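Labels A, B and C are assigned to the chains in the order they are written; within every chain, residues are numbered from 1.
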């Protein structure tokens, strides 16, 4: 009796080992298949940007370039050298940079302050205030485009970098508040109480106690805001045009420009250039990026 | 019949040896407690018995079957977890019968088992609730029900009472003891709480750093601990340890405490090993053997000492004295008139001491 | 005086944020609402016209196309992203080597702007030189893929690009959710004899209900706001076959100079988002207060 049961167990073990192997292989197969789907566009963009139009017309999306040439990158970045009608990314890249940095700083700072107050200086109705601010994350910006266009005009900052800084700073507040509030709420209140007993006041507690331990959430917030603002198109296209436009608007203009001959290689190079900053941030600080996504969404 | 047998079991996590050549055997119907501090390997051992962990070396046998490579569901075991691990999206009823459904038990048998168990554990009224709607004690009972319903050969418990508050813990400990008394199924129970171990176990395995220090019934472990570790781990307040040396004086054996001009006559002590003249040892004396009451039948010695700390427990006074370069605690009755201001007559009852070699820390 | 400031300092410092949002969010929405009730064309004219614009809106053919597209897109987007995200999350949860690298690959599209995504996919789906040519040159000579210029199929190209961009997000949310499940439940299920599939289907996925809910809300919200991607990928075309509410709003305001009508469409978008978000926020906050 003992032998037949052992034999049964041995067979069970064999079967499960075989099943395991099959399952694991299937798992890896599917995962790799999907990673191809995700990587495909990036590879196509890179390859296309390195080929001549002749090669592009004769080959396929995946054919390798005969010689690697960075000419089209240079054109996408710096233009062809002749005057009117030549759109290239360089000035708009700097526009975006000039716009992003102040907007990120302003909205992050304000969000940190607001999150601090809402969690450490509670008052009646503070949950309502938080909800009130939070809703700002979700509104479709179409509902404020018209008034904002008018207001920027009235303030004299329409069609300017400053106008865009203004807009992005304000509409970043709900997001930055969300991040800091969720982070500060899990910091024990005892820390604040101890500081108050030691005689620290409102600002001192903020700058000397909370900020030093806020680096994870500051990174998350800065990455999030940088990505959102750098990638923005709607505000850029609505509130600026011509030489004050940010990079995504310039990219779209470049691609859409109906010149006689479509230059896909330049288009792809331009797209990559427009995408590189956020891509680099993502590759270097990916886990903070993910933390931002999941904490913002799941916690509400 | 031997219900559970573990032979030469070793387990590593990466480079750390978590279990080192464990050997263990228990009879059917015993209640084995794996007792030890955090990190001693007791939970790992339990998980290995359950089949939830792999082994690097050795064998596990349940009812003489080598189950070393067998899946948990085929081992005829059931487990109760520290966090109860009830399935949150299922009702109590579905939680309990889940295992039976997985093994394709016929519907009528499921109903019979469910009724038996819910009656026994008094969870009938809770069957349609979800775990989030239950109290801690109720969840505990449902977790036991889930284990019970499969009528396993061995019950495994992984620190099931650690999440409960003190009062509830005592109640549930009682429930588990009642369960054991009624069912007489073999049980293996992991805990770091020595009071739980002492009250529940028929056999205790005291573990430390991946090794079983002593495997014995509770009274033996209490009276005759075989190492300093075991002696210190069991008993509240813990055993007093006095450094000193052993000497032979004609037919007698004398223990001389460090820094004190006294001889303790321990000739009646049951020595396992030989010792040499002047050997450095540690004398272990439990607090209950240090008090004001003198039992004239036992070998003892009286000293006048001044208390340094007095703690009242209600039924006792725990009194601390300075002696032999260390602090020792005795248990005095509340009426013994002990105070911090005066010396008191302390009786060292030497009939129940333990002697450990200072270097090896093992019982001599 | 100073005592008053000191005591109310937190509220004073809070005031700028609250003030800015009150005006630039709520105030502006109300402003837009007001415009939608007027007869404004090129410039706002502040005479009250009641709901005339809304009637006009719902009688506009282009708006109907936009709404229809929104529905088709949202449903497909929601379902495909969720299924893909859940599968990838579950597979990645199986102690895979190179999990970090795979996660990076699935998520990087979220770092790109919709314009970059749209530009890339516009090229990939190019009717003559794109995927059709690739397949043909690989031997599938009868393969055609002209969806981008096909009035009936163009909307689905947007789905393909949007799924590519956002599935990683769903995957990240579910992976976080899966990882938060305590070990002991899985152990209990193993002892109960549940196979891997049963554990996921009967135990883990039901426990993920809050994550499903959150993802749906976020995805629907992204869908309603879709603008950049469509501009870059199809510009609303061919013709108006891929137009969506956001596009309608912009075009009506700035190209067709019908500001009031545009405002009406913006308000409709706002109400659609509010209908989804408000219950969501309310339930999330209630849950948090209950804890």
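Quick notes on this one:
Here is the rule we go by: contacts are C-beta pairs under 8 Å (C-beta built on N, C-alpha and C of every residue); 3 or more make two chains touch, one makes a residue touch a chain.
Computed from a predicted structure; not experimentally measured.
The greater number of contacting C-beta pairs, out of the two interfaces A-C and B-C, is seen for A-C. Ranked by how far their CA centres sit from the centre of chain A, the chains are topped by B.
The distance from the centre of chain B to the centre of chain C, with each centre set as the mean of the Cα atoms, comes to 58 Å. With centres set at the average Cα position, the gap from chain A to chain C is 15 Å. Multi-chain contact residues of chain B (touching two or more other chains): 71. Those residues of chain A that touch chain C in the complex are listed here as 23, 27-28, 30-31, 34-35, 37-42, 44-45, 48, 56-57, 59-62, 110-111, 113-114, 117-118, 121, 123, 127, 129-136, 138-148, 150, 170-171, 173-174, 177, 201-202, 227, 230-234, 237-238, 248, 251-252, 255-256, 264, 267-268, 270-272, 274-275, 278-279, 281-283, 286, 289-290, 293-294, 297-300. Put simply, chain C touches chain A in their complex at residues 6, 9-11, 13-14, 16-18, 20-22, 24-25, 27-29, 31-32, 35, 44, 84, 87-88, 91-92, 94, 96, 102-117, 119-124, 126, 129-131, 133-134, 137-138, 164, 168-169, 172-173, 176-177, 196, 210-211, 214-215, 218, 221, 224-225, 227-228, 231-232, 235, 245-246, 249-250, 253-254, 259, 262-263, 265-267, 269-270, 273, 277-278, 280-281, 284-285, 288-289.
Contacts from chain C toward chain B in the complex involve residues 182, 184-185, 187-195, 198, 202-203, 206-207, 209. Those residues of chain B that touch chain C in the shared complex are 47, 50-52, 71-73, 77-79, 81-83, 85-90, 98-99, 102-103, 146, 158.
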